[in-house]
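Structure first, commentary second.
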Amino acid sequence: MLYREAGQFKTSYAADQAMLPILQDRIGILVILLVAFVGIPVFATDFFMGSIMIPFLVFALAAVGLNILTGYAGQLSLGTGAFMGVGAYSCYKITTLFPDTNIIIAILLSGVFSAIIGVIFGLPSLRIKGLYLAITTLAAQFFLEWCFIRIGWLYNYNDSGAIEVPQRKIFDIAVTGASATPMVRYLVIVSIVAVLSLVAANVLRGRIGRSWMMIRDMDIAAELMGIRPLYAKLSAFAFSSYYCGVAGALMVFMWLGSAEVEAFDINHSFLVLFMVIIGGMGSILGCFLGAAFIWVLPIVMRGLPSLMGLDILAATTEHITNIVIGVLIIFFLIVEPHGLARLWQIGKEKLRSWPFPYASS
Amino acid sequence: QAEDSMYMPSMTYRTGPFAGGGTPFADGYADYFNMLNERDGGINGVKIVVDECETAYNTQKGVECYESTKGNGALAYSPLSTGITLALIPKAPVDQIPVFSMGYGLSAAAAGEQFPWAFVYPASYWSQLSSILKYIDSNGGIEGKKIGFIYLDVGYGKEPIPLLDQLSESMGFSVAKFPVGVKEMQNQGSQWLNVRKERPDWMIMWGWGAMNPTAIKEAAKIRFPLDRFIGNWWAGSHSDLKAVGESGKGYLAANFSGIGQDFGAVQDILKYVVNEGKSKVGSPDDVGNVLYNRGMFNAVVLAEAIKVAQDTTGKTIIDGADMRDGLEAINLDQARLTELGLEGFTGDVQGSCSDHEGNGSIFIQQWSGSDWEKISDLIPPMTDVVRPMLEEAAESYVSDKPDWKGQACS
Amino acid sequence: MADKTPDSQIQNDIILSVNNIEVIYDHVILVLKGVSLHVPKGGIVAILGANGAGKTTTLKAISNLLHAERGEVTKGSIEFRGEEVQSLSPNELVRRGCIQVMEGRHCFGHLSIEENLLTGAFTRKDGNAAIKKDLEMVYQYFPRLRERKGSQAGYTSGGEQQMCAIGRALMSKPSMILLDEPSMGLAPQLVEEIFDIVKQLNVDTGVSFLLAEQNTNIALKYATYGYILESGRVVLDGTGDELRENADVKEFYLGTGGEERRSFRTVKHYKRRKRWLA
Amino acid sequence: MELLNSIFVAPFVDMAAYPDFLIQVIWEGFVAGVLYSLIALGFVLIYKASGVFNFAQGIMVVFSALALVSLHEAGVPAWLAVVLAIGIMGVLAVSIERLVLRKLVNQHDAILLMATIGLTLILKGVGELIFGGEPKPMITEQLGLPTGSTDWEVFDGIVIFQHIDIAAAVIAVLMVMALGVFFSKTRIGRALRAVADDHQAALSVGISLHQIWAIVWFASGIVALVTGIMWGARSEVSFALEIIALKALAVLILGGFTSIPGAIVGGLLIGIGEKLFEVYWGALFGSGVEAWFAYVLALIFLLFRPQGLFGERIIERV
Amino acid sequence: MTDISQTADAVESLDTQSDVDAPETLRYTEELLRVDNVSLSFGGVNAITDISFNIMKGEVRAIIGPNGAGKTSMLNVINGFYHPQKGVISFRGKPRRRMKPYKAAASGIARTFQNVALFKGMSTLDNIMSGRSLKMHRGFLWQVINIGPARNEEIEHRKRVEEIIDFLEIAHIRKQPVGKLPYGLQKRVELGRAMAMEPELLLLDEPMAGMNLEEKEDMSRFIIDLNTEFGTTIALIEHDMGVVMDLADRVVVLDYGKKIADGTPKAVQSSQEVIDAYLGVAR
């Protein structure tokens, strides 16, 4: 009753093909965008924007990237962290070699390098499949990490071996560097993420996205239907790595401000993978839900004891957070292996058939 | 926060792969402030609220800790992680909260002109390395020798390399480097095979966490003389050597903070905090361990800075900017140390506008098989060589930051 | 209508009874809307019905395999030899003699044909000699399997896999077999053979069968009793002969409206299925 | 020219010039390889039995070893500590099966993988909560493991053999043989492979997944404990050990997910290969190549044999 | 060349037994696909041994034979998934030995699979749309913005796909994920997907397995319509002899990888060899 499409007739295929064919969804998205672009900047604290929203958006974008590869094209990858690193280091090189480049352009461009590297490490996917492939992507992860350490040129031979974000301005407003306010950084990042998510949704609905899903669901049949595995897989690697690269650049330039190799280590690959799986493989919405869950929950958990006036050691909170997150992950997988996005869908389904408990087949 | 207290964040890592070092350090840090609160009712009557935030040695969590606590009136941050320090250095001037990376972080931060908001008392890595080399030189000469440098292959471990390269030319020794990846910390077989192949005369180690005991064990395995194997001050704690035990006998390490419980301040901690059950330390025996005392010293410097700031400004409750001034004006000479109950605990530490490392000296300690023993006098660094290099590095750090604000020091 | 089913004289000889079960997939999709059926000891019972009627679901509910598909029985009960099936795990069911041949073959792709057959004997405790003997029997039934016994099942042809799946079930020495579309993908000759085997096992060793089968013709020829399932409900039931004589069954399932078999070429489509629901 | 020389000539000249050192390198590689194999073995057991890629194997190594050491610290005699540690792993196995695996039958690989990552977080949290985050020394002597070393004088030099390393190799070999017999000679072995292929079908033929999973997780828990003791004896027992487990992944794909001999051969290949490469060629790349050598070796290898050395063929058929 | 004449001979010799169908066969004059002396083996198993036959443009050609005879393998060879060790395959007169599957698809060969090979995570609509992949060309950048050409293209093909959906009467499951559809419907969707490719030659591997009579009748009607109205040439593997008899113009019979008969359904059905190997008791 509450969530009824009844009465919403589509009279053209164009209308039926629209991204959000249902009115309630369109309203929902509008509200979210309003909150994201107006509500949060106006009402939220710096901490909320700087330490919750910005990382959340960075990870959501990375999760979109990984989801394209894993959820849509079916190629499990554990190299997300390194691809984010490629983006970050490229962006650093671009901004330091060509200091006049507009920083937004530099960030968007840095994804291209990540995409190229992604394609190179995607090549084995033509022969290697499934978990075997997942582990060979670790080769990318560790090799690239090693490069970030060994190739001094990448970090301009800094003594510290870290990349540090130079200050860049757009229209005289500092966008990167320490003096850029969280609000400015937040607005930049939320715009980029919104646009890129839209792009991803478009591509995934079209011919190319479909070809990835074909490869994912049944690669042999896809090939027998005229899909060239080479193109499909490599384009998925490229597209996905582009997103990861941009996310990496945003992570360093808009959030951390400086980064060592550890910022791109294997744990980040796992973190993003958590988000994708908890959120729901093969769902853009899921990426956001997953990122929120995995990033925000621990922060909330850490804040809880002091909110409740309990004097618990920070480390104990950390251990308990680990346990709780672990338990929740397993719990969610058991309740709904297809992630939060699917849970959301079931919720909608229930609303749709409400007040009846089940839809009849 | 309350009117009568000051807020002192404590970034800790009691979890994760480096928890072994992070835990005693955090204990020492918290216990000293608590001791001041218990014994003296705080500093000049103002209590210090120590608030721990767990970073797990992870830069992102560290930044998050920073962002979530900086609004509480935080006076200074000591992240105990080079990665977090690097992330905080650019933020410090904006938020007006000094970063005190005691003996770690960015060596270049010693140059106060360029880094008004960062401090590395009592010495930068480079100063430390120069002292270690001086020790080697005074124990059989260094010229013509081959020095092996084994280090954790991250920013922290790589920091001293430029100086090492420079000094190898001026002092006439050769260098062989052995990086140890974070993932290889407990799996150093090949590095030590390479050591055996290269046959260096001395080994210097820039290690942390599980890397240290593994390295010492491996060195013993290939029969490298342990009394020619020197760890830096993060590679010479009790927790490192506990796992090695008897077989680590002879191993050397640099240190700048006194060992043991024979200091007035430490006794007070035992009396007012530990024995009262107000400490998180595992057992009273752990008090006085190398890293415990180091964490305590971190607190000592901060407390001293607070006091200096209070005295100069006349305020009882100070803010980050006052704290910065206090840190800069710090003067921990032996007289003051004795007053604090830390006689002979460390060398003089004296800051100034341009000197943010305090010209600290180190001493060398040796593992007896069951405990650390101090075996050398204080060794001052080679300031003449190190200082110009620090300034140069500082220059290059700010060179691509057009809006960076340094300070003029006359 | 479904409940008037079994003749009262065999009531106490019922090996399996399904009482008014409801099955829901994924928490929201209601598939079975109250299905009841009974299999007498030593009987061959067929479930017939269109695609998606719920035949497979019924069989999986019986052998307690729905969990793996995120389905659950929300109402009703299933009893195998008087025991509540829901409280037994699938392997306990097999131990008690009830085994299922799943639709779509489900052979263990990486195991050879012979290994596949041997896994069927997993629950048996009567020694290697007996197992060997039964293996020999399966090979007798399906000579083709003997030829391919060393090949990985994943590479064998569709029909060979079907034989393998059936043979595997036989290896457990069951007293009740649930057969889901046994004839699917088998050559005509083999279809006859399979049903001969069914008959033979039924007569010789008293094995009971519940089979979901699309090949109505042959199923009704061998079945002692049949149920017709539509959209999750039993719409018609009766003995094999009764059903074969039923005009609707003739028309829609046997294709023998008139005297001669209708030609596939000449049939024109009209919405016939509607009649069942009315 | 210079480059070619340093790739193709100099290292071999080096090897020939100091054969004692070469032997030492190979021995070290061998021992490291044995230890990698031990971790990989734990993975293989579970993968073989359920198709679950158990990411928690690394943390299980740490967890079991910490349990052992902490028990001893608490005053329990060494032998009893071992028994209790084995008991803990047993309880763990049963609870994992009860609370996690049972509910996730028939799910996608990635989801099972994810569940084991969740498990990793839990074990880590619980472990640090109970045993604390500090590293602990392994109770090598109390367990009766040898500590000294033996020198072998050969080719005008010496090769040093640590007794603990020899012990590790012997124990690994014994363990592999035992497991090999268990899985190939019992009907459980076949059932395991069936389960890995198709959970639902395995259920349908009456294989008890519950029982099999509990057994296998218990077995790999014991393997984890042994691994933990051996690695711990080399350095110390700490959560940093978990990272080494990642290296075992490379071993795993090189050897093939489902093969016990594969885990051994893969481990030795990688152990010896990476030591030789690091020592003789590492400098060319600026050293530290160990970080990726194993993976790149495995990757290149897989290009020719996508299922690894001894893995089962990947079936492609329509 | 000689092989073809042999095949032709064989056809004729069988044809003579049933003169009723003879004129029918002559209706087709143009050869679409020719298989010459193809052999395929896997390790020790000879899946196909020296088989030759042809498919005329516009006909319905059935392939039958006992289980494991090599029927599916034959289809796999035709569309390039298996590479025969020996023999040549000519499609539209162009001979080839090896071919990448996607090239076969591009040249106009589509198929369905014995063990349904749908894209399980996608909806019915997307599955059928995926059949249009080869016909869609708009580049990546257009897809990114998804207005203008890419969108129009999508809608245009959607129209075509909707026609197929109507034709197959699966409109009600248009938006459902196919993974959980009943088996019979999956087969139908698979047919739709192959139809969407608008192939010249359509290979159907047991399209009616697991269907009841009514559904088989429906399916037959689709196949007939496809053949007569769209002129698609069809190669059909089927075990239901009733269907084969009614639909096929000519039948080739395989046994143990060898061809044992080739001709009109009537002729084949009465061949003793076929009865022995395949049909069992004559019906």
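Chains here go by letter, A, B, C, D and E, matching the order in which they are written, and residues are numbered from 1 within each.
What we mean here is this: a residue touches a chain if its C-beta (ideal position, glycine included) is under 8 Å from a C-beta of that chain, and two chains touch if they have at least 3 such contacts.
None of these values were measured; they are calculated from a predicted model.
Peer 1: Name whichever of C-D and A-D has more C-beta pairs touching across its two chains.
Peer 2: A-D
Peer 1: Measuring between Cα centroids, which chain is at the maximum distance from subunit C?
Peer 2: Of all the other chains, the one whose centre lies farthest from subunit C is B.
Peer 1: Could you please state the distance in Å, as a whole number, between where the Cα atoms of subunit C are centred and where those of subunit D are centred?
Peer 2: That pair's centroid distance is 45 Å.
Peer 1: Between subunit A and subunit C, what is the separation of their C-alpha centroids in Å?
Peer 2: It comes to 47 Å between the two C-alpha centres.
Peer 1: Per the centroid of Cα atoms for each chain, what is the distance between subunit B and subunit D, given in Å?
Peer 2: Centre-to-centre distance between subunit B and subunit D: 36 Å.
Peer 1: Please work out the Cα centroid separation of subunit C and subunit E, and write it as a whole number of Å.
Peer 2: 30
Peer 1: Going by the touch rule set out above, which residues of subunit B reach two or more other chains?
Peer 2: In subunit B, the residues touching two or more other chains are 14-15, 19, 23, 153, 179, 181-183.
Peer 1: Hunt down the residues of subunit A that sit against at least two other chains at once, touch-wise.
Peer 2: 142, 146, 149, 220-221, 224, 315, 319, 322
Peer 1: For subunit C, what residues touch not just one other chain but two or more?
Peer 2: 52, 155
Peer 1: For the complex, give me every residue of subunit B touching subunit A.
Peer 2: 12, 14-15, 19, 23, 52-54, 56, 58-60, 63-64, 67-68, 71, 82-83, 86-87, 89-91, 93-94, 106-108, 153-155, 158-159, 161-162, 179, 181-183, 280, 393, 397, 400-404
Peer 1: So in the complex, which bits of subunit C are touching subunit A?
Peer 2: 24, 26-31, 33, 52, 231-232
Peer 1: In the complex of these two chains, what residues of subunit A are touching subunit B?
Peer 2: For this pair, the touching residues of subunit A are 46-47, 50-51, 55, 96, 99, 142, 146, 149, 158-162, 164-167, 174, 177-179, 255-263, 265, 267, 299, 302-303, 313-315, 317-319, 322.
Peer 1: What does subunit A use to touch subunit D in their complex?
Peer 2: 70, 76, 124, 127-132, 135-136, 138-139, 142-143, 145-146, 149-150, 220-221, 224, 266, 270, 273-274, 277-278, 281, 315-316, 319-330, 333-334, 337
Peer 1: Residues of subunit D touching subunit C in their complex?
Peer 2: Listed in rising order, the residues are 105-106, 187, 190-191, 193-194, 196-210, 312-313, 315, 317.
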